[in-house]
Amino acid sequence: MIIQLEPNIKQDLRDRIITKINGLKYKTTEVATQKGEYIVGIGKKDFDIRDIGHMPGISDVHIVSDDYKLVSKKWKVKPTVIDLGDGVVIEEGGMAIMAGPCSIEGEEQIEKTIQHLLDNNVKIMRGGVYKPRSSPYSFRGLGIDGLKVWYDAARKAGIKIITEVMQVSQIEEMHDYIDIFQVGARNTQNFNLLDELGKVHKPVLIKRGISGTIDELLSSAEYVFSAGNENLMLCERGIRTYEKASRNTMDINAITILKEKSHLPVIADPSHGIGIRDHVEPVALACIMAGADGVIYETHEKPEEAYSDGQQTLNFRESEKLINKMRKVFELREEM
Amino acid sequence: MIIQLEPNIKQDLRDRIITKINGLKYKTTEVATQKGEYIVGIGKKDFDIRDIGHMPGISDVHIVSDDYKLVSKKWKVKPTVIDLGDGVVIEEGGMAIMAGPCSIEGEEQIEKTIQHLLDNNVKIMRGGVYKPRSSPYSFRGLGIDGLKVWYDAARKAGIKIITEVMQVSQIEEMHDYIDIFQVGARNTQNFNLLDELGKVHKPVLIKRGISGTIDELLSSAEYVFSAGNENLMLCERGIRTYEKASRNTMDINAITILKEKSHLPVIADPSHGIGIRDHVEPVALACIMAGADGVIYETHEKPEEAYSDGQQTLNFRESEKLINKMRKVFELREEM
Amino acid sequence: MIIQLEPNIKQDLRDRIITKINGLKYKTTEVATQKGEYIVGIGKKDFDIRDIGHMPGISDVHIVSDDYKLVSKKWKVKPTVIDLGDGVVIEEGGMAIMAGPCSIEGEEQIEKTIQHLLDNNVKIMRGGVYKPRSSPYSFRGLGIDGLKVWYDAARKAGIKIITEVMQVSQIEEMHDYIDIFQVGARNTQNFNLLDELGKVHKPVLIKRGISGTIDELLSSAEYVFSAGNENLMLCERGIRTYEKASRNTMDINAITILKEKSHLPVIADPSHGIGIRDHVEPVALACIMAGADGVIYETHEKPEEAYSDGQQTLNFRESEKLINKMRKVFELREEM
Amino acid sequence: MIIQLEPNIKQDLRDRIITKINGLKYKTTEVATQKGEYIVGIGKKDFDIRDIGHMPGISDVHIVSDDYKLVSKKWKVKPTVIDLGDGVVIEEGGMAIMAGPCSIEGEEQIEKTIQHLLDNNVKIMRGGVYKPRSSPYSFRGLGIDGLKVWYDAARKAGIKIITEVMQVSQIEEMHDYIDIFQVGARNTQNFNLLDELGKVHKPVLIKRGISGTIDELLSSAEYVFSAGNENLMLCERGIRTYEKASRNTMDINAITILKEKSHLPVIADPSHGIGIRDHVEPVALACIMAGADGVIYETHEKPEEAYSDGQQTLNFRESEKLINKMRKVFELREEM
């Protein structure tokens, strides 16, 4: 059960509502986000929703039987819009493009990537400064210093930054230099990290776990939302299966299913979804056709020299071609 | 190694070639199909291809290192075209539509489906008369009698038939009443069935195994081709994974990878690929965008009353909408 | 619902029972096996079991809610015993050993393997004469002639034969030369083959599908049983997962779960279950400890020269060591 | 390449060695643990190992081609022994038992569990005070206060504590109240957590990821070891597959493969591995037979009332029976 409260509801009304809900044997969690205040009730008993709906201070009540509540489409009517400022938005029904290298490698690479994005009117740049690597001996990213260099260049160019945050202690240090926090596939169920990201106001993109279910992804988003941050996106990036002809198996089904289950924007990551440069384009276009609200992919001036993920990274010429095609596919999707 | 022989090559030239190849420690298999004659050589030694290429009787030689040879794109330059007669073709780069019920249920259902196809200018009808069912107590299809009724109606309407063949003994009995033999996901590695289908001239569509790899699908096609039948199509129909929010996980990657690896047309089955009626459309459109040469899907006048697979079957209104959209998506793919 | 009929029940009593069951809106299937006669009722309505139980001609009635009925443990009290003759039995609670090469290769190999088995008091020899191979260019087995040679040698030595049958047409030709028909992992859902194996009286061992579920394996056994043959065994041989450090993932859970769900003997195949020679022994011992009623594994005088599966085949010294250890583990299991 | 340094090696010798290794185009990482000092060299060039081995200050040099180095069995001759004090050890070739509830629930539950362990001469108690839960609305554990209560009771009874640490900030707070840090299946690739656990001296048990590969588990252990802590254990707890008859698929293969690849003790978790109370025993016994150096499982006085995981938790009577059987199986394994 989700109870949306009226803005600036008084404390005694709020207490009365909670007492009422608890009296129905529902446990309550109070949630205050950038956009509103909610009470989430967890319980099993059936009751007449009208018993609650009429109470003063309540603007709406919704029954949501899934494990996740606030991220469910069952209560939200207006499409979610995530405003990054300067006219850059990510929204349900839109087609946001986020592109850039796997790893941030240095000033020259940053400048060239920004120029490529500007040339193609792309407003959001991806790149890793903290890299989760399965071996402790691999390159782990340039860290906060690299981020600051990137930030300066991006701000000047009017480009927004999305980058991965790997642990709680990085949130504060990164906060002022990023526009979107990315939670990586190995951290989808790092619940402490999710809790803390609920306490900041910067948007968060959550990648599906390497073998996470659709429901687990939604529950991870519920963590962030219920902790106070509803500027959220979900990202399908391929799942681990027995098939080894591709790096992962892009779950195209997940895109349309997530769109049905949640009001949050759904972003596709075709680079990790297939992991083979020559095939990133058809997979990206397929994802848009399936309903994705955006695409995040890897591009680098010279993929063969990239510090990481070169085999799935587009060069700028391929990237430009992809951007143009994605826009045509999106246009057709809009028309149909 | 694939050696394409000249048409009507004399026996002594052929023998000389085989002796030569065997002398290189390559085992040889002679293949004669509707379209040509080949010698497939299996071995590991490196040699100078020019030693063979100059021999009389040889029109071309190709090195193919994959386990599958004849179905590989490495040797075939011209796109594969499967001609069903009456102007109905399935081909690389095209977009064939095959639609119809999961199970053939009777005359009325056949007539209504045919009318629906005619109304939408669709030329190929799918439907099962032998149904593989996991429980022995389930409906197993109308069998050969049902097929004959279907055949009569379809012929009159100029509609082609694709239906599943489950065992060797059915091939002969079904042969004259079908246009395409379908090998189901449980029979992808029924090698005896594949061998026998290599001996007929009717086209064959091979579905990927329930948890078959891309390479296994190609090797299964190699069985049919090497036994003499190169009128072949591959079909991606979703794979079994841990995710249970959908019936299968549609492997969108497989479509683009199969297109790269093989010259055979690749057909997508979104009905089984996701298994949920409301989501068949976006998945079908995504598959075309990813490069599929055709789509096979389930439609029924009243899905809720279908003998089988109702939950993933479109009604005629939904089917019509899908057909129109698929054509638009295909058109855009052509243009880009 | 399973209704066990009294031996030699008269036709009119039988008809009356069927009429009664159909009247309850249950579809009925009559089953006659080597061991008894049954009526299987499929339906959903609840009813009072006593309405049926008192009818003349009925020896017992059982409600079984699973999709599979006759293979369920819910009705069978006495443990299943499969008698191969000459005192060789496979039974619930026992520990049968079946060993031999992947492929039968010729007389000398047969003789040496038989001697190895005799030396270790093993009574059942495995080996393939029809080999399912993913590539059409691989060795496909010696066929029926190889089987006859093997049969002659085995009979003389008092050794029983288990070998794979790949298609319906082979059943008759192989019937007199084998003691157990093996259905391979690629044929677990070859329903026509299962149907036909229900009509013979030789025992059948059904391997779990490459990515088959436990329930699917039981339903496949139901096919054979309901077609008339209850001399059945189930075989866990590893499943396909994302993990590639082993050939398959041996599903140790399946052994104990199958033992709970079904009265049929459960055999473990550690050779395919892990696919690495050095690890076959610990996996085999683990399977016995988990409750397996038998083990089938691959052994060859010189595994490195075997026509197939050499990398997972034990040499005779390793095989002997394994046999001794298996017997000790079984002894402990019995004691505990 | 792993270079074991002599104890108390002088700085100039160390520098000379590093210079030499770097000169061979190998990147070096210096590692100092509780037990020794190492230089790990990462590179691809072949060289003559004798060029290095003779250098002063080096006690041994090993070539290890795997991604993981220090946890590989290729260099370590003596079995790893983890000493928890008071005569409690976990070691290669041993059979440690760790038992207790999923969640620590309160004083009474702690006391009863401790008594059960004492009665059965079990020295290590498991239990969660920080619980990773997929839903933010579920019980998340008693936290540090619960741990302190548990610690007091355990110390009095001479019982050691293993419990999960979920994030870096908990390490310090938990440090003095635990004997083994457990890294859960959702944190196997939480590389920051692993890094920090490398800096403490308390033993660490790392669970395999929910769909982690064997190699990923070893690489995660390499993180901890290379950061300074070689008191490490690996834990197989079942993997996520398509099979839903059990909670996870216990990968019995992983136990024997991990034993071959690494010198670290391998612990089996049958409770999560199958997830069904009635089947925990056979799976536990199978794991010991396959070579596990220990077992961790869930037990509770009244499983049906447990705050979490009740369906896979043994009651004390079942637990006692299991302990006795495990000891017998271990005894047999030792003898054979």
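Every chain is named by a letter (A, B, C and D) in the order it is written, and numbering of its residues begins at 1.
The criterion applied here is as follows: a residue touches a chain if its C-beta (ideal position, glycine included) is under 8 Å from a C-beta of that chain, and two chains touch if they have at least 3 such contacts.
All values reported here derive from a predicted model rather than from experimental measurement.
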{"item": "Where chain B and chain D overlap in contact partners, by chain label", "value": "A, C"}
{"item": "Between B-C and A-C, the pair with more C-beta contacts", "value": "B-C"}
{"item": "Chain B and chain C: spacing of chain centres that average the CA atoms, whole Å", "value": "33"}
{"item": "Rounded Å distance between chain C and chain D, as computed from the means of their C-alpha atoms", "value": "38"}
{"item": "Centre distance in Å when chain A and chain C are each reduced to the mean of their C-alpha atoms", "value": "49"}
{"item": "Overlap residues in chain A, where contacts from two or more other chains coincide", "value": "211, 215, 240-242, 244"}
{"item": "Chain A-facing residues of chain C, complex", "value": "211, 240-242, 244"}
{"item": "Of all residues in chain C, those that touch chain D in their complex", "value": "211, 213-215, 238-239, 241-246, 249-257, 260, 273-274, 276, 278-279, 282-283, 285-291, 325, 328-329, 332, 336"}
{"item": "Residues on chain A engaged by chain D in the complex (per definition of touch)", "value": "27, 29, 40, 42, 67-68, 132-137, 166-169, 186-187, 189-195, 209-211, 215-216, 219-220, 222-223, 226-227, 240"}
